[in-house]
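Handing you this structure, nothing more for now.
In this document, chain identifiers A, B and C correspond to the written order of the chains, with residue numbering beginning at 1 in each.
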Amino acid sequence: MATQSSRSAARLMMAPAVILLLGWMLVPLVMTLLFSFKKYLPLRGGDLGWVGFENYVRFVTSSAFWPSVSATLIIVGGVLIITVGLGVLLAILLNQPMWGQGIVRILVISPFFVMPTVSALVWKNMFMDPVNGLFAHIWKFFGAAPIEWLSQASMQSIILIVSWQWLPFATLILLTAIQSLDREQLEAAEMDGAAPLQRFGYVTLPHLGRAITVVVLIQTIFLLGIFAEIFVTTQGSFGTRTLTYLIYQRVLESQNVGLGSAGGVYAIILANIIAIFLMRMVGKNLDQ
Amino acid sequence: MGRITLDKVSKRFGDVEVIPPLDLTIEDGDFTVFVGPSGCGKSTLLRLIAGLEDTSGGQIRIDSQDATHVPPAKRGLAMVFQSYALYPHMSVRKNIAFPMKMAGVSEDEQNRRIDAAAKALNLTDYLDRRPGQLSGGQRQRVAIGRAIVREPAAFLFDEPLSNLDAALRVGMRLEISELHKRLRTTMIYVTHDQVEAMTMADKIVVLRAGHIEQVGSPLELYRAPRNTFVAGFIGSPKMNLIDGPEAARHGAHTIGIRPEHIDVVEENGTWQGTVGVAEHLGSDTFFHIHNTGLAETLTVRALGEVTLSHGDAIHLSPRAELIHKFDAQGLRIE
Amino acid sequence: MARAVTSRRKIINTAAAWTVGLLIFFPILWTILTSFKTEATAIADPPVFIGFDWTLENYATVLERSDYARFLWNSIIIAGGSTILGILVAVPAAWSMAFVPSKRTKDILLWMLSTKMLPAVGVLYPIYLIFIKLGLLDSRTGLVIVLMLMNLPIIVWMLYTYFREIPGEILEAARMDGASLKEEILYVLTPMAVPGIASTLLLNFILAWNEAFWTLNLTAAKAAPLTAFIASYSSPEGLFYAKLSAASTMAIVPILILGWFSQKQLVSGLTFGAVK
């Protein structure tokens, strides 16, 4: 609904954003693709020529690959289950009438705004330190031997830290979704004889379905790339080396750019598979 | 002055031709109503005149000047939108002043015109409020005020009453009609409501699928609809349209008779049927008649309070001189 | 209609919600409390909650370390610069997509979103290489650019969502009223869009402030922001709980407060309008 002149002005105004993003996407992507087919060791001779799919094969067959995939899946899956599960419960709780709802909301949302490096360090030292951490004190209070969280229960610890950071996000979105539920729907279900649990199962949960899907998709994309939390706590040891961290180590620590780039391509493909589902949902929303 | 001429104006969105080439002249000072079912292109036509849409072909002339490619602001037209489109961050006074501010009218003149418009529209007490603090009817008046102060060549109204409740709508309808009587400025008014069209217009333009079906005064359209579409669209309740042997008996493919032109008689009526639903309005009674063998239902208006109820047999006699005849293409046979 | 809730139920709700809320908030609270303790109290066994001698010495120490101010300044420049630059590029784009949509608008929006989903680690080395070539490594300019590009899709989306809520008829009314494109943007669009632009600014400032992949990998001593400064505490020799807490508190509290103001926008901003 517009005239010709405003349409050409619009195209002009869109150009900077489109061109910048196009460059930001294409240039590094093409470079990564090129490197992935090369033997490229910046500190040991640099560009040593084309090697075909050797890097792809090596990356997948290296002993570190499958453990890193499983570590990634366990962290992502664990965090998703915890944040969505607790998030639904919290959202329902926060939606009840109470005093000081606004303040509780603020308390719950806060961890999301904490810098990842800060939250990782605070958890690592002040809570999970086997000598001076708060958990150690609690364990000792109950007469148990303190746990060396980040080595003995490394995965659980990372999942705990990351879940703490992302629970607010899940809660907030689910709360928003719950608040948009038409009260009359619940009242109709009540008139139809549905008990509270049935009302939750037949009305509330289906209503939340879309929001849960969005939470899962967005969190997955961010969680696949978590870096600071591992960088600060375990540096990838004790079985916490995720795919992202493995690639990071290949590229920056062992300076094997070809191998790392092949890993990067795998990561990009993985992220894209998830992204397609997310985009489909968001796209549907645009049509309305 | 505000004589608007459309010369073979057409509009297509991509491959879809919403308005095929169309000619229309709107005389200076006329109150013209574009009416038609939703999707008939009436709003698009108004937006073409406003300049909010580019024409795909043809020429628009305002007072004999070619305005086809003139930007909206320079056409000297004012528009009242369906949603009123008031600026939410400005007070009523600033809203009304905005077009004058854009035109560089002096401050004194602005205030003079605002005060005059506010007085005419009963807005004087609300000038310092924001649109959000006003009722629907008041917002509507602000939108009209914003249009008046520009002293435009013509006013364009895009379904301005559709967001108001029924009672308010009748009141605003009168106010707009009175405004037109007072200003004598050309007004083009888009609506899907044929009652608004009949009550307000000097001239009605009936549109369907981008085509003009008929142009004329309300009574011309009522008395002599050019085809079955106009016949069914103008008038309330709708004209009864009857096909088949009864139509053939009148030498037509279809005949039409308005509910108010059928008399309820004691016996020996031309037509017989049974009463379905009876709607008692007090002044009139509308009967929906079944089993006439003519059409699914026949609507009949009886004056005053008639005590016939569901299932009763009824005798009807149409006034022969008021039967409209249409051919197989749906066109009127004189 | 809201039904009368028995006060007993309300009390239970309140108690449960506050308990959970405080539990979730506790690590932050604990960090803030510890920042006012002496190093000895900070690791005391059993731990002390409130009954300790409050001290500001940790803040003094952290602030005295001449480099803290530089990290802070870097954070402000990088987060602020990337956000403002992003807004400048995104406002015209979002404006045209919201008000002059074409058949391709939806595809462009989704494509922009897809660039956000590119895993950073996948393109780490190319960016690293480009930065070396352009002399942008360990420079604030470089990070401003990268974070701007990284958040640009979110900024465009957020602004698009806000702009789309402004009814198009109002802009048409302005056009009919004789406003030029410039006047339309200046007098009508901008005043109506200011709240949306402000919350977009806020949320993206927060995201950029907390970004911890590029800021850790593309900086060394010169341009490192607070994320890197805090990360430097992870080496054991630098570990003093009270000082770590003071530094952390200073890094998160301003953002926390900004975050509380932007929590409403957070949902639509981060779900790209899929949840309202």
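The rule we apply is simple: contacts are C-beta pairs under 8 Å (C-beta built on N, C-alpha and C of every residue); 3 or more make two chains touch, one makes a residue touch a chain.
According to UniProt, the chain labels map to these proteins: A, C = Sugar ABC transporter permease; B = Sugar ABC transporter ATP-binding protein.
Nothing here was measured: the structure is a model prediction, and the numbers come from that model.
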Farthest chain (mean CA position) relative to chain B: A
Chain nearest the overall C-alpha centroid of the shown protein atoms: C
Two chains joined by the most C-beta pairs in contact, as defined above: A-C
Gap in Å, rounded to a whole number, between the CA centres of chain C and chain A: 16
Whole-Å gap separating chain A and chain B, where each centre is the average of the chain's CA atoms: 57
Chain B and chain C, separation of their C-alpha mean positions in angstrom: 53
Contacts with two or more other chains, residues of chain A listed in rising order: 1-2
Chain B, residues touching no fewer than two other chains: 52, 71
Chain B residues touching chain C - in the complex, by the definition given at the top: 50, 52, 71-74, 77-79, 81-83, 85-89, 98-99, 102-103, 146, 150
Chain C residues touching chain B - in the complex, by the definition given at the top: 167, 169-170, 172-180, 183, 187-188, 191-192
Footprint of chain A on chain C - complex, ascending: 2, 5, 9-10, 13-14, 16-18, 20-22, 24-25, 27-28, 30-31, 34, 43, 45-47, 89-90, 92-93, 95-97, 99-100, 102, 106, 108-110, 112-115, 117-130, 149, 152-153, 156, 168, 181, 206, 209-210, 212-213, 216-217, 226-228, 230-231, 233-234, 239, 241, 244-245, 248, 251-252, 255-256, 258-260, 263, 266-267, 270-276
Complex interface listing, chain A residues touching chain C: 1-2, 6-7, 9-11, 13-14, 16-18, 20-21, 24-25, 27-29, 31-32, 35, 90, 93-94, 96-101, 103-127, 132, 134, 137, 140-141, 164, 167-169, 172-173, 176-177, 180, 210-211, 214, 218, 221, 224-225, 227-228, 231-233, 244, 247-248, 251-252, 257, 260-261, 264-265, 267-268, 270-272, 274-275, 278-279, 281-283, 285-287
